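Below are two complexes that have subunit A in common, paired first with subunit B and then with subunit C.
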Partner chain A sequence: MPDEKIALMAHLLRRAGYGASRDEIEARVAQGYDSVVEELLNPGDDPGIDEDLMYRAYPSYFDKAAIETGQTEWVYRMINNKYQLKEKMALFWHTILCAGDNKVDNARTTAIQIDKFRDMGMGNFKDMLMMLSTDPAMLYYLDNIESHKTAVNENYGRELLELFSIGVGMDNEFNYTEDDVKACARAFTGWNLAPTIPVFPYGRTPFEFRFDPADHDYGEKTFLGETGNWDGGDIVDIICKQPATARFVARKLYDFFVADEPPVPSWRLSAPRDLAAIQALEKAYFDSGYEITAMLRVLFHSDFFKDESVRFAKVKSPADVVIGTMRMVGDHTEPKPGLFFVAMEPKYMGLDLMNPPTVEGWHMGREWINSGSLIDRINFASSMLGNTDLPGVKKIVDRLMGLGDVPTSEQFLNGCLDLVGPLDLAEETRSQLTEHLDAGGALKHGTESERNDFTKRTGEALKMIATTSEFQFG
Partner chain B sequence: MVSTVKDPVLAVMSLSGGNDGMNTVIPYNNPLYRDYRPSLGIPEDQIIPLTDQLGLHPAMAPLKKYWDAGNLAIILGVGYPNGSLSHFRSMDIWATCEPDELGLTGWLGSVIHDVDPAGENVLTGVNFGRGLPRSLAKEGVAVASVGDLSTYGLLTDIGAEAQRTEALDLFGRMYAPAIGQGAVDDYIRRTGIEALKGADILSTAPGMYRSEVEYASSAMGGYLRDMAQVHNADFGARVLFTTAPYNIFDTHANQSVGHANLLRDVAVNVDSFMTDIRQLGKSDNVTLFFYSEFGRRAMDNGSGTDHGTGGVAFALGDHVKGGLYGEYPSLEAGKLEDGGNLQHNVDFRQAYTTLLDRWMGLDAKAIVGGSYEALDFI
Partner chain C sequence: MASVFLGINDRTFTYSFTAGRSEFQGTGFRNPMDFALGPDDLVYVVNRSYESRSDGTRINLFRIGEGKEEYITEFGSYGDQPGQFIWPMAIALDKDTNVYVTDEWTHRITIFNKDGEYQRHWGIHGSGDGELDRPAGITISKDETVYVVDSRNNRVQMFSLDGKHLGQFGSAGEGEGEFNLPWGICLDKEGNVFVADWRNDRVQSFTSDGKWLATFGRPGTGGDCSIAREQGGMAYVDVPVGQFNRPTGVCVDDDGDIYIADWLNNRVQVLTSEGRFITEFNGDAALSALGIDKIKSNPDMIRQRNGVRDFTPEKVLWAPCAVRVDRRGRVMIADTSRHRFQVYQKNGEPVLV
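Now for the complex of A and B:
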């Protein structure tokens, strides 16, 4: 049986980050769960990585003119940010408050939006919505720049309600009407961009927000039952105090950190899977005045988060697969060539960072898996874990040699599973792997050549573990 | 049902994002068109006339020859009652035929199930692109999702043939059903086995394909080329699906340039696909249907068009009876739905019924959820 403290800490670090090596998990256990949670919740302004080193090695990251540069820099931060929760919150918000560079077509602007998600991700939800409503990538992506006093474009106004805050419905009721959408869109007229600098010769400069009073509809609006000369800030105020907004943020956090919920469009008809958990998060939302950190604190200390039944029950996102694997094998922990190819992997698995498929974002949970993406996930993770030259894999080999002079196949397999998880396998999977190991003969590591063989077989075993169905869960 | 030499194949392409039907098939003789489209009206001398009232957007020129030959059916005013202006909802409605409830079963998933109930062929349905589109989703139905046919396979990093065979063999045994692991684990195991089988078979397709036909170097071009290769290989694929890059037809802004490029991408690659399978001698049993989840607002917004309802869909193939089906929705102010949307007069389930009953030889009623009058394009 795996050590419960190790298993719980591994769970926390997989969900509140992208996993950790066994050395780090052990150090964190020694630090204590509550202290680790507080550290994750309070990163301050620390970037969590040596930015000078990063910019010296990758000067292009300083000015991300191409989308791939932005994606690669983000992956570098995901792997190396010591404030893993802060980093994961950047992805959390990106999967909800979606703007895609395939339309914005201004990689610098898109990357700046992600930086804002990272910096503000554990702040106040009202600040987040105000930031979003003045974010140039979003205003461009959802056409608010084309929304005028005399010709309203409803795109941003609609999605702000439908997908970014209130959600279309809850408890079988609709949360807002088409008239609310129109009022909301009118309130954001004139929330626009400053004139842009010509593209040539240096490429696109970042878009900048500008409020254009001449293009703003100052007229009276009725929004969610409240009438006044509302502008966008008033709309955000009204949104934030809705019970449906608390429900929305709570379900999104629960979905991302605890267990899969269905996609937002179905929330009118589908109740939360754990209503008590959602209500605890909703209470934290209102008690704290919309503070995300307060909600996360409740979440990570809750029994519903710590419960054994939710561990390894979420299908890993492509970021969890790629970054989790990199952190496990200890590769790209400092600048070196080849990061680009790692950074493109999430895209092949269906998570094209900064290019969500629609404003609705990615369909997650089991929808990450189809025969195409499963092949990519298996090929990537198995090629990394099977590479015994990588530092994290070497450490696993060393620890396995500590199991005894000649571990049985079962001891050896349990050791492998413990060190990549602790992960459990279905009995059927386990017996196939044990049989395979038995067929390879005794696992000795006394002599030089036995050690080489032991290392090689560890790589093969880890490689096959990375192909299993169980490994798809985190 | 039309009789073909081989089993009929249904190829479907979604023009995701809400294609502007009014600037695709243009009512160029209607003065209201000019009133509604001050910024985006296509100059009359550029429009490709189909009748004395309607014409194609100039970027659709490569498809004109199919119209002339009587192989291109254009379905006008297509939609469904109380059209949803939400992309996701409307895409889901087209995918699941469930306008009131949340549907999880895609109509093409049901087609795959009905033509191969025991799931004997893992390639009965093939998606070209990443992910599993809702149209193809059905509990228990396998769909191969091919992002790029040329690099498709499992554990491709093991160089030594014997070693790779051994690893794949172990993989196959580890993915046997496990008891009590839950529905998602069952799904992953099934997907793994299907991926293994599918990859083996699909890897042989490029070797069987000899063609000079060129496709545009766009996502749509790549997917349609892969589609032609898989169809050519005779793996028994009966449902071929692809989608234009997600939501790309959502032309709220800068539509004049963007929409022309999108339609060109569609027309050029659809033409390449048809030309390709004809030259390969494999066009007799293929019907290609392409559609979008809704049309757009009749009036432009100065730069683009907002979400609308009634739109336009196309069917193309050797057995398609070309022509116009349905009525062009009235542009008169009193006939527009709230805010200026074109009223639909053909339900998309009529188009599906036609494809299912008359082309695939299936019971459409069960798949689309009711009796809908078929159109005569097949």
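Now for the complex of A and C:
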């Protein structure tokens, strides 16, 4: 049986970040769970990486001429940011407040939105919605630039309610009406972009928000039962005080960090899988004045998060597969060539960062898995874990050698599973792997030749573990 | 041009022109990291580009002048084979116009002839005498000594043209003569060596054999004029001077004035040989000749530009990596993240700006 403190800490670091090496997990256990949670919730103001070294090696990250450059920079930050929860929250908000560079076509503008998610992700939800409503990528992506006083485009106003804050319904009731959508859209007329310097001849310039008072509808509006000359800021105020908004944020956090919930459009008819948990998060939302950190504090300290039944019960997102593997094997911990190819892996597995398929974002959970993505997930993880030249794999080999002069196949397999999880396998899978190890002979590491063989067999064992169905869960 | 005069009013600079445009091949640049001034207004440019567009990684040769930008050729490519580079950083020419290019990833110096034909390379990864760990800046003296900034070894090493180790100076640290990941390097007309001490946010100067002479600047980004004021000047506006945020490139003109590419402050600062602040360039870019060609062939761009009221984001310098002054007093700045050069003229007589 794995050490419970190790298992719980590994669970926290997988969910509130992209996992950690065993050395870090052990250090965090020594630090104490509560202290670690507070550290995660209170990151420093610095970027969490040596940005100067990153830009020196990758000067193209300044201007981000192509979306691939923005994606690569983000992957570098995910792997290396010492404030892991900030990176996880950046992805969390990106999966909800969706804008895609396939339409925006200005990678730096899109990347700036991600930067804001990273910086504000644990802040106040009202601030987040205000930022979103003035964010150039979003205003472009959802056509608010085409929404005028005399010809309202409802796209942003509708999605703000349906997918970004309230949701269509809860407890079998609708949360808003078509008239609310229209009023919401009218309130955001004139929230537009300044004319942008074109890409030729010196590269792209990011979009900038500009409020056009001449194009704003100053008329009276009735929104969610309140009447006044509302503008966008008023709309955000009214949204944030709705019980449905608390429900929305709570279910989204639960879905991302604890266990899968169905997609938002079905929430009117489908109750939360753990209503008590959602209500605890809703209470934190209102008690704190819409602070996300307060909700996360409740979540990470809760029994429903710590419960063994939720560990390894979520299908890893492509980001969890790729970044989690990179952090486990200790590669690309400083700038070096080859990062681009790693950074494209999430896309091959279905998560094209900064390019959500629709404004609804990605269908997550078990929908991450299909016949194509599964092969990519397995091939990537097994190729990395099987590379015994990588520093994280070397450390795993060293620890396994510490199991004894000649560990049994079962001891060796348990050691491998412990160090990549701690992970458990179905009995049949475990038996097959043990039989395979038995067939290879004794796992000695006394001589140089034996050590080389031990190392090679460790790589093989890790590769096989990466192909198990259990490894697909985090 | 943003200028701050602090008692040094016998020098004026005027914005002259902008050269180049963003291109992965041929008639433009992609993240120009450094450049070398050849004969007849020829400029050899190191283009870094990035991994997913490694076709943009190359050296290209231009003739640059006001209103005329002539593309000559390009050579070298992305890779680790002879004649290739992964992270090209800096460039220098010897008296025969052979081209020396440093590569921070392969830890070697690659030499081409003036027409871009690969000749040879040298450099072994390591920390021993003559070994290199992330070679960055490079310059060649009149006596054919090659000075290479051996960045991760925090030193400058001297070599013969064929790579024979001649000497070295510097070590890791913050004191006089010590470095923290240095980057650019240049020589003044007396042969003194100036090094952009990148992570110490300063420039240091040395004799040709490495004896420390002076340190210029300190870390900073914001609103502190104390150094300038201490030196007897008067600031008309409250801008930080004499402070650097990761200086990359450095050069010294024949008057002894020092030009420093102040990378993360998005500017170039000019100091006297004693370190007194003269002025700074923040960027005044207009359309280059090549840029105008590009726009004219894309009517959508013309329409889009006509709607823009504020071109400030396009004018300013963005993470400039290198600066050089030619014999005619033209201050050329590699505006790295805008893929172009901004050129200022150092005037012989004061000019009303």
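Here is the rule we go by: the second predicted complex is superposed on the first by the 474 of 474 C-alpha atoms of A that agree within 3 Å, B and C clash if a C-alpha of one lies under 4 Å from a C-alpha of the other, contacts with A are read in each partner's own complex, and residues count from 1 in each chain.
Keep this in mind: a contact is a pair of C-beta atoms (placed from the backbone, for glycine too) under 8 Å apart; a residue touches a chain by one contact, two chains touch by 3 or more.
Computed from a prediction, not measured in an experiment: that's the story for all the values here.
K.L.:
Identify whether subunit B and subunit C fit side by side or clash on subunit A in the overlaid structures.
P.N.:
Overlaying the two structures gives subunit B and subunit C room side by side.
K.L.:
Between subunit B and subunit C, whom does A:Thr434 touch in the aligned arrangement: first, second, both, or neither?
P.N.:
neither
K.L.:
Figure out whether A:Ser383 sits in contact with subunit B (first) or subunit C (second), or with both, or with neither.
P.N.:
first
K.L.:
If we overlay the two complexes on their shared chain A, which of subunit B and subunit C does A:Pro337 touch? Say first, second, both or neither.
P.N.:
In the superposition, A:Pro337 touches subunit C alone.
K.L.:
Looking at A:Asp52, would you say it contacts subunit B, subunit C, both, or neither? Reply first, second, both or neither.
P.N.:
Only subunit C is touched by A:Asp52; subunit B is not.
K.L.:
Which angle, as a multiple of 10 degrees, do subunit B and subunit C span at the CA centre of subunit A?
P.N.:
100
K.L.:
Once the structures are superposed on A, label A:Asn124 by its partner contacts, choosing first (subunit B), second (subunit C), both or neither.
P.N.:
Neither partner.
K.L.:
With the two structures laid over each other on chain A, which partner does A:Ala194 touch: subunit B (first), subunit C (second), both, or neither?
P.N.:
Only subunit C is touched by A:Ala194; subunit B is not.
K.L.:
May I ask you to decide whether A:Ala65 touches subunit B, subunit C, both, or neither, giving the answer as first, second, both or neither?
P.N.:
second
K.L.:
When the two structures are laid over each other on chain A, which of subunit B and subunit C touches more residues of subunit A?
P.N.:
The partner making contact with more of subunit A's residues is B.
K.L.:
Upon superposition of the two complexes, what minimum C-alpha distance (Å) separates subunit B from subunit C?
P.N.:
Value for subunit B versus subunit C, nearest C-alpha atoms: 12 Å.
K.L.:
Per the definitions at the top, what is the overlap between the subunit A residues touching subunit B and those touching subunit C?
P.N.:
Correct list for subunit A: none, the interfaces share no residue.
K.L.:
State the interface residues of subunit A toward subunit C in the complex, per the touch definition above.
P.N.:
Going through subunit A, the ones touching subunit C are 52, 55-60, 62-63, 65-66, 68-69, 72, 194-203, 205-206, 336-340.
K.L.:
Once bound in the complex, which stretches of subunit A touch subunit B?
P.N.:
Contacts found on subunit A: 102, 143, 145-146, 148, 151, 153-155, 158, 162, 168, 265-266, 269-270, 313, 315, 348, 350, 357-360, 363, 365-367, 369-376, 378-379, 382-383, 386, 426-429, 432-433, 436, 463-464, 467-470, 472-473.
K.L.:
Inside the complex, what are the residues of subunit C that reach subunit A?
P.N.:
21-22, 28, 31, 33, 48-53, 86-87, 104-105, 183, 198-199, 246, 264, 285, 287-288, 290-292, 294-295, 298, 300-301, 304-305, 307-311, 313-314, 318-319, 321, 336-340
K.L.:
Note which residues of subunit B are touching subunit A in the complex, please.
P.N.:
Within the complex, subunit B contacts subunit A at residues 85-89, 92, 102, 127, 130-132, 142-147, 152-157, 167, 170-171, 173-182, 184-185, 187-189, 191-192, 194-195, 198-199, 245-248, 252-253, 301-304, 306-307.
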